[in-house]
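The structure under discussion is supplied below as structure tokens; questions concerning it will follow.
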Amino acid sequence: MNSFGKQFRMSIFGESHGPVVGCIIDGCPAGLDLSAADMFSDLTRRKSGAKGTTPRKEEDLPEILTGIFQGKTTGAPITIQFQNNNTKSKDYAQFIDMPRPGHADFVAQRKYNGSSDPRGGGHFSGRLTLAIVAAGVVAKKLMSQLSIKAELTSLGGSTNIEEALEKAISKKDSVGGVIECTVDGLSVGLGEPFFDSVESLIAHGVFAIPGIKGIEFGNGFKSIEITGSKNNDIIIDQDGHTATNNCGGINGGITNGNQLVFRVAVKPTASILQEQMTFNFAKSKMEALNIKGSHDLAFVLRVPVIIEAITAMVLADLTMINNNQQSAFSVQL
Amino acid sequence: MNSFGKQFRMSIFGESHGPVVGCIIDGCPAGLDLSAADMFSDLTRRKSGAKGTTPRKEEDLPEILTGIFQGKTTGAPITIQFQNNNTKSKDYAQFIDMPRPGHADFVAQRKYNGSSDPRGGGHFSGRLTLAIVAAGVVAKKLMSQLSIKAELTSLGGSTNIEEALEKAISKKDSVGGVIECTVDGLSVGLGEPFFDSVESLIAHGVFAIPGIKGIEFGNGFKSIEITGSKNNDIIIDQDGHTATNNCGGINGGITNGNQLVFRVAVKPTASILQEQMTFNFAKSKMEALNIKGSHDLAFVLRVPVIIEAITAMVLADLTMINNNQQSAFSVQL
Amino acid sequence: MNSFGKQFRMSIFGESHGPVVGCIIDGCPAGLDLSAADMFSDLTRRKSGAKGTTPRKEEDLPEILTGIFQGKTTGAPITIQFQNNNTKSKDYAQFIDMPRPGHADFVAQRKYNGSSDPRGGGHFSGRLTLAIVAAGVVAKKLMSQLSIKAELTSLGGSTNIEEALEKAISKKDSVGGVIECTVDGLSVGLGEPFFDSVESLIAHGVFAIPGIKGIEFGNGFKSIEITGSKNNDIIIDQDGHTATNNCGGINGGITNGNQLVFRVAVKPTASILQEQMTFNFAKSKMEALNIKGSHDLAFVLRVPVIIEAITAMVLADLTMINNNQQSAFSVQL
Amino acid sequence: MNSFGKQFRMSIFGESHGPVVGCIIDGCPAGLDLSAADMFSDLTRRKSGAKGTTPRKEEDLPEILTGIFQGKTTGAPITIQFQNNNTKSKDYAQFIDMPRPGHADFVAQRKYNGSSDPRGGGHFSGRLTLAIVAAGVVAKKLMSQLSIKAELTSLGGSTNIEEALEKAISKKDSVGGVIECTVDGLSVGLGEPFFDSVESLIAHGVFAIPGIKGIEFGNGFKSIEITGSKNNDIIIDQDGHTATNNCGGINGGITNGNQLVFRVAVKPTASILQEQMTFNFAKSKMEALNIKGSHDLAFVLRVPVIIEAITAMVLADLTMINNNQQSAFSVQL
């Protein structure tokens, strides 16, 4: 469903070309200072307009409609909403007959028997990540003792990001990239066996972001190239710090107090300015498709802050769950 | 929590050296033929005893205690239980003071304030995957139209698996590997926006398996090395088949009717027969640790069938959820 | 949390005197005709303005912001929102220091450490039932084969409703009442053992409505006055019809194909126009309180359509869950 | 589904005449002293054998199979299992063709397409409440500061319980009754708006117990006979104590620190020793049915401790949820 999290729970709604996108946050504790201004910095990091991103211009102004009183959260659900203004919906009609390669056009129409909203990808649009970023800000404020940082480490397979971007622009082609996320300041013990490991929950949330095709924790796929004697992280002190951090700060699905580290692969944006072939379902034959509309050439550039938001929400949720297991009761435990 | 899935829901219980491990399956439809014998084949694939796996010998005989009558499921919860017989718990006492590098020993004791069961890893043990395999058999029977296959494609970084294994054995060191899972026969439309994408749910389940550190769908991390014009899969017919399958059978989080493909990285087993340093929490200093007990040198060898089980459960669950959205109502939709 | 239902799932948001109240419906199938006009009839039944209800006048105009395209549901979350216009928030400041007897004022401030929105009861207001009615309309449209009817059967302990109302008005006092809800057209088999019985789910939803203090199914509390031989409903035909319906259409928590019947008790509205004593927490002593603002004298008059909405949602949800257990799979069951 | 609760979560399994019934408790904090002996007292209260209860004799010996180590909970799922020994399954075959009036026989076979286990009511049996009582003991131990007490206040419509029982026995008929449950020692603030009110959750759990047909909180159905000025409970001190307790300790769905009070109606047991008519589905005509097997004449006698168990579980769950909202975070709230 369109919700994520158990105690800190976010529900998402909206379509790319409908009137609004937004989210509800349920379970946020009362008394947290919160205003739209808190969100500007992260929303700007996600914003379009920079080189390689869609020319669609949106104000991305968050309206906090509910759950707030006199500048503080009240404990009631927090509704955050964004208007969609700059939409050019006529460009999308063709994608019902001729689904774009690499897009959700085909599966959306099939899954919903032709009733899915095709405009701008409808509910499948990357525009909904706006709501994720907003919810992430609330989680970050709760977890202010943490330093959560995601950044692009390679683009189009190259670590020379500016150059890779210029090359893609000149070829009218799209590129993907790798983002690394680190979290410092975590305590030991977040994560729940057996199915709510830290890796399980972060991966669950991250794969909801359009275009993510891989995730690895610690040395991840590289861990298979070394043996256990090299891969094991030796504990060196009372707090559980380790000499190396091949496990990315997680043992048995639980944070071990070291830096949390993971990387995600974001595929090249599906919408490209080159002509592509696709199947025309109305004519039952293959045809050439030229995609118009506003699109990112490298959506990956906008993804780091979304990754941070998912991470913050998972950690806030696990913090609440972990806390209640011990401190809720007056009985001797 | 220790449950996974919404409509086809599996809950896990037990410890490595307690009397039993097992699972409950809730939501399995009534009328499915089911017996312990159905599980033997998959349980054998997970079994220990082969070269590179733990010498701990267990019968792994599933008892189906509830939810079955006259050889068929009744619609009530299905309880499947396995006895633990071959346990040598004295070997583990030391790991409370001296946690094994790469293991959950340290985090388990911290998270549970010293009350966690240390014997054989307790509830964090790979032995609990036995219950996952059993539940997976039930899901596979429901989804009998599918062909779900996982296999080891590399060990210790090498595709020459036998050789890599011998090398590890001779060095008394452990190795990890990569497993590829494919699913044929899927219909279009499984997966739920926004947060229950097929990737999200499979990754969630897979990262619950001890030792998994990475997952990628389709060409995954390789997708960043090519541009969108190469990476996009061109639709070539009315059923949505594509010329290539770089997306691994998933667009926008939804199955597109092509082969589902993903790969996971399993780290080298943490328990090795070599001496390692660790922190002695009783003495507050570092010391050498020699691990006794029964351990896998390459746990990855036993993981493919577990991956299949998780995959089958996710697909059974998504099938139920997808089905009810359209066919449940008599109103014209 | 602020959500209800599993497959047909409704989440609620808003405050009495904030900018909006509303709901999100997640899981509604695609292809259902839906417009704001569908909701007018039920919203009018809940509306204030009639004798015995609050003088607060609101347009109660539903805006369907998401999840709809070309007049049909798309399968994406449906957001329905109502503006709050006629609010007089200055009346409520005193209730922080002097909580109204019978109201949530005191518990809300305590639970949320003083951060709860006190205006008009904030998130605890009966105004949020507006969103429940709107969501109920969607569920009713899905379950159009059913006849769901709730009506007031007694007011202030009397079946002469008009007279009881006049009496209460003349005394400036408030009254409660009993509502009976019946559902015709149900098939056999809705409801899930062990914890999601039809009674469990309806009661869960109904007790979320402010002011409900009791519920009984079939002959309910009267069943204890007769013996089993009288209370048992004799099955008389192949479809499971029974000679009597003391069980209210439910056996073992599951619908049996007969009429579903239950009754709820709605307490007298807490806000009354008479002076009452309460504790003044600022002054630490008891004082007289005179409640201003807009209030219902008999909120129960507006509750029947809310009860219908909850009932429709529960039955839609159970229909989806029941359906997927058998029809989702191609295997012989 | 067969689970109840969010953070303190209980899942139930088993059939009346299968090998076992039991439960899993997930989310119980680590470090709680727990043994089978803790359960004997409550299990004895539920036990059969007394006048008016079934002659089926079972040892009802709880085996705590998982989640416990050295006498303390470990934080892992707690599995509690009971053997079924004294079963006479041949008595039940006839109920497939001739469902017992007032029983789940008919709905169970229909819902599960004939695959339901008919022996002793299968999964629909009151025997599963054994597992509820066991789980309730764990919740009570966590909430040891509370005094939770349920008792039978009337039987067969009479407060002279012994006499009513004798009368029923002499008539070979069954009787129902009313149980009142009170909880002392509650703090202010348990319960979650909008849908997880204390009334919602208790009612949800209570209606899962076979035979419950009504519930009311505080003065419940009696509240409609008085006006608001009489029904409102006046707050008289800083802690929120009230002069009366018509609301049963709950305002706006949240505990207000006064005594929690509710009553439930338990219908007369459906199985009676008199001949009754029912429909014979094999012969398609009505026929006389004589029920053999072991049955309670007044199951209500065994229900008080089950009500306590449900109540304790709800309060433990709400305590965990309430606690994590404020105390989990280091940020100033």
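Should a chain be cited, it is by its letter among A, B, C and D, assigned in written order, with residues numbered from 1 in that chain.
We take it that a contact is a pair of C-beta atoms (placed from the backbone, for glycine too) under 8 Å apart; a residue touches a chain by one contact, two chains touch by 3 or more.
Quantities reported herein were computed from a predicted structural model and do not represent experimental measurements.
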Please tell me whether B-C or A-B has the greater number of C-beta pairs in contact. A-B
Among all other chains, pick the one whose mean CA position is farthest from the mean CA position of chain B. C
Just curious, how far off is chain C from chain A if you go by their C-alpha centres, in Å? 36
Where the CA atoms of chain B average out and where those of chain C average out, how many Å apart are those spots? 43
Whole-Å distance, chain A centre to chain B centre, using C-alpha means? 25
Touching two or more other chains, which residues of chain B qualify? 1-3, 12, 27, 30-31, 75-76, 111, 113, 123, 193, 322, 326, 333
Chain adjacency by touch: line, ring, star, complete or other shape? complete
Tell me, which parts of chain D touch chain A in their complex? 6-7, 27, 29-32, 75-76, 141-145, 193, 316, 319-333
Touching residues on chain D, where the partner in the complex is chain C: 1-4, 12, 99, 101-104, 106-108, 110-111, 113, 121, 123-124, 128, 154-157, 168, 171, 173-178, 188-189, 191-197, 199-201, 203-205, 207-208, 210, 212-221, 223-229, 231-238, 240, 242, 246-248, 251-256, 265-272, 274, 276-279, 281, 284, 286, 322, 326, 333
Interface with chain C, chain A side, in the complex: residues 1-3, 9, 11-15, 18-22, 24, 26-27, 30-31, 65-67, 69, 72-77, 79, 111-117, 119, 122-123
